[in-house]
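We call the chains A, B, C and D, going by the order they appear; numbering starts again at 1 in every chain.
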Amino acid sequence: MNKEKIQEIFRVVRANNSNVIPEVFSKQIFEYAGVNIPKQEISSTEDEAVYLAKKIGFPVVLKIHSFQIVHKSDAKGVLVGLKSSDEVREGFREIIQNAAIYNKTSDKFQVTVQEMAEPATEIIIGMKRDEIFGPVILFGLGGVWVEVLKDVSLRVLPLTERDVELMFTEIKGTSLLEKFRGNEARDLASLKNLIFQLQNLVLEFPEINEIDLNPVFLYEKGHGNIVVDARIVLNTVSSLYIEEVISIE
Amino acid sequence: MENTLTLLQESLDAAFKPKSIAIIGASNGARLGGTEMRLLLESGYDGQIYPVNPKEEIIQGHKSYASIRDIPHEVDRASVIVPAKVVPQVIKECAEKGVKVVQIYSAGFSEMGGDGERLEQEMVTTAREHNMRIIGPNCIGTYCPSSGLNFTKGASTISGNIAFVSQSGGIAFDMVSRGHITGIHFNKIISVGNCIDLDHADYLEYLADDEETEIIGFYIESVKNGKRFIDALKKAASKKKVVILKGGRTATGSQSVASHTGNVAGDYQVWEALFDQTGAISVKSIDKMLTVLLSLQKISPIESGKVAIVGNGGGATVLATDYCEEVNLELAELSNLSATSLDQLGVADGGRNTNPIDMPANQLAAEEGRLFGSVMKILAEDSEVGYILFHFNLVPIMNYMDLESIVQKMITELESIDRTKTNLVAVLRYNGEPEVEKIRYKAMKLLESQEIPTFKAIEEGLAGISVIANQSLKGGR
Amino acid sequence: MENTLTLLQESLDAAFKPKSIAIIGASNGARLGGTEMRLLLESGYDGQIYPVNPKEEIIQGHKSYASIRDIPHEVDRASVIVPAKVVPQVIKECAEKGVKVVQIYSAGFSEMGGDGERLEQEMVTTAREHNMRIIGPNCIGTYCPSSGLNFTKGASTISGNIAFVSQSGGIAFDMVSRGHITGIHFNKIISVGNCIDLDHADYLEYLADDEETEIIGFYIESVKNGKRFIDALKKAASKKKVVILKGGRTATGSQSVASHTGNVAGDYQVWEALFDQTGAISVKSIDKMLTVLLSLQKISPIESGKVAIVGNGGGATVLATDYCEEVNLELAELSNLSATSLDQLGVADGGRNTNPIDMPANQLAAEEGRLFGSVMKILAEDSEVGYILFHFNLVPIMNYMDLESIVQKMITELESIDRTKTNLVAVLRYNGEPEVEKIRYKAMKLLESQEIPTFKAIEEGLAGISVIANQSLKGGR
Amino acid sequence: MNKEKIQEIFRVVRANNSNVIPEVFSKQIFEYAGVNIPKQEISSTEDEAVYLAKKIGFPVVLKIHSFQIVHKSDAKGVLVGLKSSDEVREGFREIIQNAAIYNKTSDKFQVTVQEMAEPATEIIIGMKRDEIFGPVILFGLGGVWVEVLKDVSLRVLPLTERDVELMFTEIKGTSLLEKFRGNEARDLASLKNLIFQLQNLVLEFPEINEIDLNPVFLYEKGHGNIVVDARIVLNTVSSLYIEEVISIE
């Protein structure tokens, strides 16, 4: 785990008077923690976006990047499956326009260009700090499973291997992790590893208050997983404390 | 750490099995200070009792002291039953006297707001300085039949393998009052009150190492130090059966959440996760707590043992079969030998009615209960059967014969059954009429003398068996 | 159709309210034939009784006839209590005599296999030819307090708005025996046996139009004509509350299924769908049946009325709040006026403890129960409150004062409460000790005289309120 | 409803000594009952398949068609999204080969060429005849909802409008029928209509024992639905009876 780099991101976020870490930085933090994420870069202009898209390889995903916009979909700030330079150029403009309509306080919007990961079983992994018991890990299948059915399993940190295995089996949709309907069994070893990477991150940084990895694409056995979207929320501190942190730097 | 643990053990040993007790606020009257002392005398406590009350010379035959400082002997435990405003001073005196543990019965501290919390903190500070521990305040006492500690009339004097820790005085009371009537025996029940010093984690820690205790019951509403509680619960649940009733499920909701996880994972869900994770058994009502404690105390898991059911009531038998499915119990398929024997007895008819067995009232009572006894023996000897639930609907039996005598005879029949590979579980159904209740009560006590647990409804009995039979299926440990 | 219905009504009127009954197999002895006649005499039946038994001259003071043919009067109903092998001949004679309905108590027909089914068919054919209807065989009788029909000792003589139809004799028996102890009053209970002629659909059809009946309870295991049952259930449930306990959930599994639908839609699921579809309330145990019947009989739905809870036991109060969420009940937020009044009474402390209200034993008993009465009045007058559940844990109250007298006083306090906009629901918690039980029983009867339902546990009482309060939420009708 | 045509299909199936009606005929029956189904044709040769695919319009779906093969997926007898004549030709060969391996009793396999319906919310509607209560209708969301969660609603026939509305709301996944996650509300009016069309079919033909419509694609409000796969199972009758039926013809 690259602690210094992670702390640097925290400082930037604090300096921006925020405690919600933008997606691209959240994923970056997980990459520093050893987790597999899609290639991603931040662009400030159409030309830059096109250049980055070519570098990453088509198709790509474009997403709004701003400290002011936490809910990217609400801001119509996400476009997927862009296959050419023209589509990227067009997409960049559209996202910036939508962002300006959604949030008038800032004109310094940027757009991230991301590799488009191959879809697979959607997983959600989360963390919150319970007032009484401290960090709690949440695991579930993404989409309707968590949103409609609230079909999740929780565990209080620290986790044993057996805890994680039980989380996998105690959700109602557990059969989707096994060989099912012609799908091969999912890569649970990699998923277990991801959960422990997240645990390490949480134990290392008490300033992390909440985490959502949603979705994680989980591939078949031997093919790992990829964190497609991430959100890290830091605890709120007084601005005095922020200045202190910054001044230490 | 080792030192802390030793200290904890010493204090709680002094709480449950004190060589000497000072009752500060004892009296000759009928109120709590008087009652507490009276109960101690009546329950056979054989250590030293020192009543403390400046207004009296002699209390209930014992010399009274004006202050704990005046007692010329060592004091293990003090029970403090004085108005809240004088408690801090009393605590100070106890600490200086070298008392190991005090239980503060008095209420009126942090739970009432105001100055309460500060006063509590002061008392803890004083106690810590003198290595004294505090139980409470705002609690109703300690029950420990082996040492004669007690907090209510009519409590049992029989000690069992269950300890119970309760954050509610009322529920501690219910356990003492309802427990032994139901056939559940406790070695310790403690009302823990506001937990300003000793808290849930301490009690768990202590009971995890307590040799008298195999089962720990818990009523809990909140904990102050979650981390310590987790560790203590993990330790306790790895060594003992822990059954927890959690009160207060509504979210505290003081923390705003920005993530999806925060929204899905409510406060109560986290408690439930913790219980799953540690292997503690979670229940949701006082009645269910009693069912589970009785089952854990009286029913042993029989590997690959399945259930046989016998009793009167055709519809009830059908419903019992349905309920088995609901609580994940499988009915035993009896051996050919058993089926033939039952057929010869005229109970099963050509292979029908083998399990569950519907024995009408007149069959149950036939041959002075010997037919029932023979059926039970056949079931107990069948290696497929690990649990026999037998149920009597008392009122229909009453219509045919003298209920009290026939039920006694049936129960006597059970004495000769080999119980090493089979559990017997009784259900006595009744209509609530006081006369029938009395007979039921006596029958229950007879069954208890044979260590057979008795339930009020077939569903309750099956739920009890299910707790035992399906225990290994639960994760956690 | 109209004709069939009229005939059905006539036959079942004759079954429940016969002007004359022939008891075929009556005797002077203690067995069923003797008991049945004795119960009829003792229960105040004031029609004509004609015992039929060729071996006797006089039976229980009435002239005995050798055969039903010898009775020189009209016979509405015949109760047949003779060995299975002579039943067909008796049925033939009844039919020829012009009896309107016979209830065959005798067992030993289709349920035993062999010739049984053929004999049943023959009896039905004979009966049809003479417009006579058959109830049973294999059933334990009819209870109807208004006409004095009865099948067990100690049955209540009070008639209520509930009719119960049971495919199990034992459960019919439980309803008679447990019902009135619990405070539930029936106008009719019938054990329907093998249903060779009159079946569930007929009883539903009849009760749907029965003026005495507002609530229909049903224990059912199987039906022969599903289509007719659906129509009858739809009709009954559109006019009355229907509560069904379905026994026997395991699939018959005789039909192979090739589709996904067949695999997902099990036999029991179809029953459940039917209950939902018709608006019938489905329950899963005898205890739950009693809870629901008691609630339907004694609690009225109050639009937008919420729940207030008051009683002794802090932990119990916390658990009650939790349970409200589980059964979809909302606690009332009391008006400022109520909160202030409670504060002035010293029950609520500066807005805390307003609902649920934890009143320790000594508060409940304060001022001879008048404080409790005042609290109840405040709650009843608050327009937010539609249901007040008050709970007494009896044993702790016993520790402070004479239980019987104080409970009576508290209950007397309730007499002056305006009940038009508020339901009162009582929970009397106890420990099972016979002495306490006796007091509880008396208290329950006092409450019953005020039409207040009493439950054993807070959860049960809340579940009962939930059935009423959430009724309109259920689909169906 | 075109009763004669439907009865003709029954006769053909009976004549083939079967009571499971092949997919293409099952859907045909629903079309005769007024239900919307994808365009479909049966081909016996590669050339014919290509011709039909062009007529229907690419992309198409190919499926094995045989009285001997009830479980098409097990026989590897389904190919979706074929975009060109070459793909169809290739696909035809593959399906016939797989079928021959799966079931050696017949060499008269055919392949249906079907229009590829635009995916949408998957619904299952089914019918079975309960021994006691007669026809029972099953409704649920397709896929995991029915297979893993058994999240279905049942009703005994005949249905009222209110019955159908309650079926829609009493499943756990009911929110997927409403406006949800950026999706518009589904066309419940068309779905209700479909259920009543199925009811009419069931009431008209007592010889229908079981039905699975799985999946039905349910589009957004105003855009109807389409029955993508169907299976009708007739009651079993003695061969004597079959001969009788045929001789009447």
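Worth pointing out:
Assume a residue touches a chain if its C-beta (ideal position, glycine included) is under 8 Å from a C-beta of that chain, and two chains touch if they have at least 3 such contacts.
A quick note: this is a predicted structure, and the numbers were derived from the prediction, not measured.
Note: centroid distance chain A to chain D, computed from Cα atoms, is 41 Å.
Between chain B and chain D, the centres computed from C-alpha atoms are 58 Å apart. As a whole-number value, the distance joining the C-alpha centres of chain A and chain B reads 47 Å. For chain A, the set of residues touching two or more other chains is empty.
Not a single residue position of chain B touches two or more of the other chains. Shown here, the protein chains touch around one cycle, each chain meeting exactly two partners. Contact between chains, as defined at the top, is found for A-B, A-D, B-C, C-D.
If you check the complex, the residues on chain B that touch chain C are 35, 112, 152-154, 166-171, 173-174, 177-178, 181-182, 219, 221, 245, 247-250, 284-287, 312-316, 318-319, 321-323, 325-326, 349, 393, 395-396, 399, 429, 431-434, 437-438, 441, 457, 459.
The part of chain D that touches chain C in the complex is made up of residues 20, 70, 124, 126-128, 130-134, 136, 138, 140, 146, 150, 152-156, 162-163, 166, 170, 210-212, 214, 231, 233. Here chain B touches chain A in the complex through residues 222-223, 226-227, 229-230, 252, 254-255, 257-262, 264-265, 267, 269-270, 272-274, 276-277, 475-476, going by the rule given at the top. Within the complex formed with chain A, the chain D residues making contact are 73, 144, 147-149, 172-173, 175-176, 181-182.
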